[in-house]
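By letter and in written order, the chains are A, B, C and D; residue numbering begins at 1 in each of them.
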Amino acid sequence: MTGKTYTSGEMMTVAAARLLPDGAVCFVGIGKPSAACVLASMIHAPNLVLIYESGTVGTRPSVLPLSIGDGELADTADAVVPLTEIFSHYLQGGRIDVGFLGAAQIDRFGNLNSTVIGPYDAPSTRLPGAGGAPEIITHARDIFVIMNQTKRGFVDKLDFRTSAGLLNGGGERRRKNYPGRGPSVVVTDFGLLRPDAETDELTLVSLFDGAKAEDAVAATGWPLRVAGKLDVIAPPTTEELEALRDLNARTEAAHRTPVKLHLKKTA
Amino acid sequence: MTGKTYTSGEMMTVAAARLLPDGAVCFVGIGKPSAACVLASMIHAPNLVLIYESGTVGTRPSVLPLSIGDGELADTADAVVPLTEIFSHYLQGGRIDVGFLGAAQIDRFGNLNSTVIGPYDAPSTRLPGAGGAPEIITHARDIFVIMNQTKRGFVDKLDFRTSAGLLNGGGERRRKNYPGRGPSVVVTDFGLLRPDAETDELTLVSLFDGAKAEDAVAATGWPLRVAGKLDVIAPPTTEELEALRDLNARTEAAHRTPVKLHLKKTA
Amino acid sequence: MAAFLSLEDAIATHVKPGMCVALEGFTHLIPFAAGHEIIRQGITGLHLMRMTPDLLYDQMIGMGVADTLTFSWGGNPGVGSLHRLRDAVEKGWPNKLVLNEHSHGEMSVAYSAGAAGLPHGLMKGHSDTDLRPLQTGRTAEVECVFTGAPLTAVRAVNPDVTILHAQKADRAGNVLLEGITGAARDAAFAAKAVIVTVEEIVDDLGAPMNAVVLPRFVVTAIAEVPGGAYPSYTHGYYGRDNSFYIAWDEVARDRDRFRDWMDRHVVKAASHGAHLEALGVLA
Amino acid sequence: MAAFLSLEDAIATHVKPGMCVALEGFTHLIPFAAGHEIIRQGITGLHLMRMTPDLLYDQMIGMGVADTLTFSWGGNPGVGSLHRLRDAVEKGWPNKLVLNEHSHGEMSVAYSAGAAGLPHGLMKGHSDTDLRPLQTGRTAEVECVFTGAPLTAVRAVNPDVTILHAQKADRAGNVLLEGITGAARDAAFAAKAVIVTVEEIVDDLGAPMNAVVLPRFVVTAIAEVPGGAYPSYTHGYYGRDNSFYIAWDEVARDRDRFRDWMDRHVVKAASHGAHLEALGVLA
């Protein structure tokens, strides 16, 4: 975005961070969700609880993890528990307020694909797969999705439904008594989409400063609904931007540090 | 038993200890089972693994626990795990070689009652209840029962079947594919009973030195079968008796030590 | 997030007549102080739940706190009977007590299922015991949908309140349990509210990696009650007073002696600290 | 009880062609050395199982070790695709790979049920995804026998061999795992045999109370392999070599370059120690 002093990735992270209420218990993935949560805890939500599926509960990383099981997450956690307990006691047990998800594809009802592009048995692209997404999207009280908005990713029809969002819309998920409400917001590089209260269809409701609704529509694989009145989201504050860049700089330095093994002896 | 230099309780404990093969993983209760296991590990089975349902695995108590959750058991354990894990991963998971049980009543097929004397809804004596006995007797590969032999305890018909032994005999338990074989020996104050290979009926097969088969028969509430050839079990050796008495003396001294609370402050 | 309250306020706020309350603890970490406070506040009609009701539940049942008991083993460990529990079951004194009776394995599965948000858990096999026919609505014979193998469904339990005693809480409200934890973790996760009494509140739990920590968002209220598990014990703080357990056998045998003891030592005690002092067990 | 073997002997004795083998580890404690030894011994036709197949499974699949993969997330964490896994699935190179695909929640339940001796475990709810119809015989929709609530049965998994890396074993064969343990405990209890590589064998584990210890009677074989988790990490010993994970992306993109790298660094390495030395990562 020309003339901006920040990237759209930074704006997405900042926007996601602002959505997090203090004290929320967050089920976090690597990448932007981690950055958003750590940023929020540095700015306005010091009591945010971060849980990673690797088993780290209440972790306070000073650098972002490259993987979901980095040692930093264990070292700074309130508790390190078996993964089985994360999925049974924490997630299915109903202890998670907000789950973050991304995906390769999303449809207009917030259903997600992270499995394959093309047919399952003969995919053109084999993606990593479900991970914990199907359980997170089912059980967390609220779901934030973060994805760049492109025609390849925001599709009329998923190649594969890995994780059940708002299903076919129109309140189907509610009627089926899913424990959590499903995706309530999608943070893209244009702004925020939220499901329509009646139809559940994802609707552009907010734009980042300088972003244009017609560009968002053009980047969507279905005729994107646009709210009558569009909020404009303020650019990152200096405090937000500095905190985020410090975090990213610390992270890059940490991940560049070469590992040397001091072994007593080798077998 | 007149003229003896040891009590029948000591003989029972020693006899039970001798039955334990080195390296066996034992699910242990308090009282004689604990004493038998600790004695065996001091005499001939140094690699015996003791597991208490409180969650202590591979414990090596130097004094016998008064309760199944004494601190001594935790302090000397290889692992202290949640009770839920003991019942799921260890017991039902098939990791236990020998389980020890006692009861208020036993019948001729090794079924046990530890629930009530009299009708369940209007008992003359309410007993403590099942505890882990139903699962121990189901899942442990082998079961040792230890009980004093009396007409009140060795009954023709249980008032309540708390734990399923060899059911109605004649191989019923085997046909029902129970994971473990059920009670293979009952250590009484007269000697050892073992189930008959065909009928499963408990049969007197060994007598303690000086004990008489007719006394055992008289102490049994059903016509007790007696094996054609009765083994005689050697009295406790000096080594066994000294080790057991040292253990009991240490235990009594430990349990007599008064507790004083050094509290920082009281609320 | 966990609120720091006095024990009086924690009980008054969260324990109401008629509730299902699990004061867990497996020989270790039994929340005696909290149970005594329930007695002092005269709360009745409780559905008490615990794998191993021992002296504390003997006291609570004898004082008329409970009308239902869900349990799997009710005795004085290593000593004998719980005379007050027996009197309630055998003679209906001071009131009738409905028993929801289980084995340890069943209770363990019921707590775990409750903690995991499941309506029931599973055990291997069916059962040839007299206990199972008494458990209508709580256990049921089912079969494996894949293999046809016999299984038993055990209905989840979800106490209104689980009450625990633990070593420490930090100022954020995270709670550390060390030593024998029994079913404490699962009973806490299964409950709608969790009250924890702790030996002390500290700046830093100093918890080793992989320790048993209840995170602050699972804990409803924390009260600092040093000695709160006596005559049970708190690993690293004080040992189990076995002599108290042995002496209790005589106290509890007789209704009048029991009531007199409870009146003097619990009902009229100003606090758990005063209770301990009167017992002469403070160093 | 655990036998102390060389890594070569442990693999040769317990891992046979066609077996179901789970080399678990969740980012942390991934048993790279053991996986490399399987490659070196030319064992093929394995059914590999793991929640998060990462670089090690990319290497094993690319070397033709596996014909089936049970998994729930197959990627290079924080980096991108596993190119060898993709090549096997998309192009059948070096051989076709059957996928038994799950979510993390399903795998977690499958391991736990296997560890608990159950034929299946349970998850709350049914599912409106495209994954479930692909899981015939592995998941099934059932209903709560008490409430009628929708549940999903997930069939237990019981690997022939589970292979783990851990910090320490003592001379009796007890194994200590510290830090992120993932599904390691359940994968071990679910297995018919368990091989553990450890950083060191010690007289005393020095395990804190409530630490994660696999007792000696659950462990089949122990091999001392310092650095055995590299480029994954062993908490308290060495950190994760993120640069290796990033660099792997390029190595694995091309079949020839991959085979050449594996040949030079793994197949021809005399041992894991030699492998680490050749990579220049020893201090």
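We adopt the following convention: contacts are C-beta pairs under 8 Å (C-beta built on N, C-alpha and C of every residue); 3 or more make two chains touch, one makes a residue touch a chain.
Everything quoted here is computed from the prediction, not taken from an experiment.
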If a chain touches chain B and chain D alike, it appears here: C
Farthest-lying chain, centroid of Cα atoms versus that of chain B: A
Chain B and chain C, separation of their C-alpha mean positions in angstrom: 27
Approximate Å spacing (C-alpha centroids) for the pair chain A, chain B: 56
Whole-Å gap separating chain C and chain D, where each centre is the average of the chain's CA atoms: 39
Touching two or more other chains - residue numbers and ranges from chain D: 112, 116-118, 123-124, 179, 181, 185-186, 209-212, 235
Per-residue multi-chain contacts in chain A, two or more chains: 74, 80, 88, 92, 139, 179
Chains touching one another, given as label pairs in label order: A-C, A-D, B-C, B-D, C-D
Residues of chain C touching chain D in the complex: 117-124, 137, 140, 142, 144-147, 149, 151, 153, 155, 177-179, 181, 208-212, 235
Residues of chain B defined as touching chain D within the complex: 23, 25, 47, 49, 57-58, 74, 78-81, 88-89, 92-95, 139, 179
Residues of chain B defined as touching chain C within the complex: 30-31, 53-56, 65-71, 73-74, 80, 82-84, 87-88, 91-92, 115, 120, 122-135, 138-139, 160-164, 167, 176, 178-179, 255-256, 258-267
Interfacial residue positions of chain C with respect to chain A in the complex: 1, 112, 115-118, 172, 174, 185-186, 189, 207, 209-213, 215-218
Chain B-facing residues of chain C, complex: 6-7, 26-28, 51-52, 71-75, 77-79, 81-82, 85-86, 89-90, 101-105, 108-109, 111-112, 123-125, 127-131, 134, 179-186, 199-200, 212, 223-227, 230-231, 233, 235, 237-245, 271-274, 276-277, 281-283
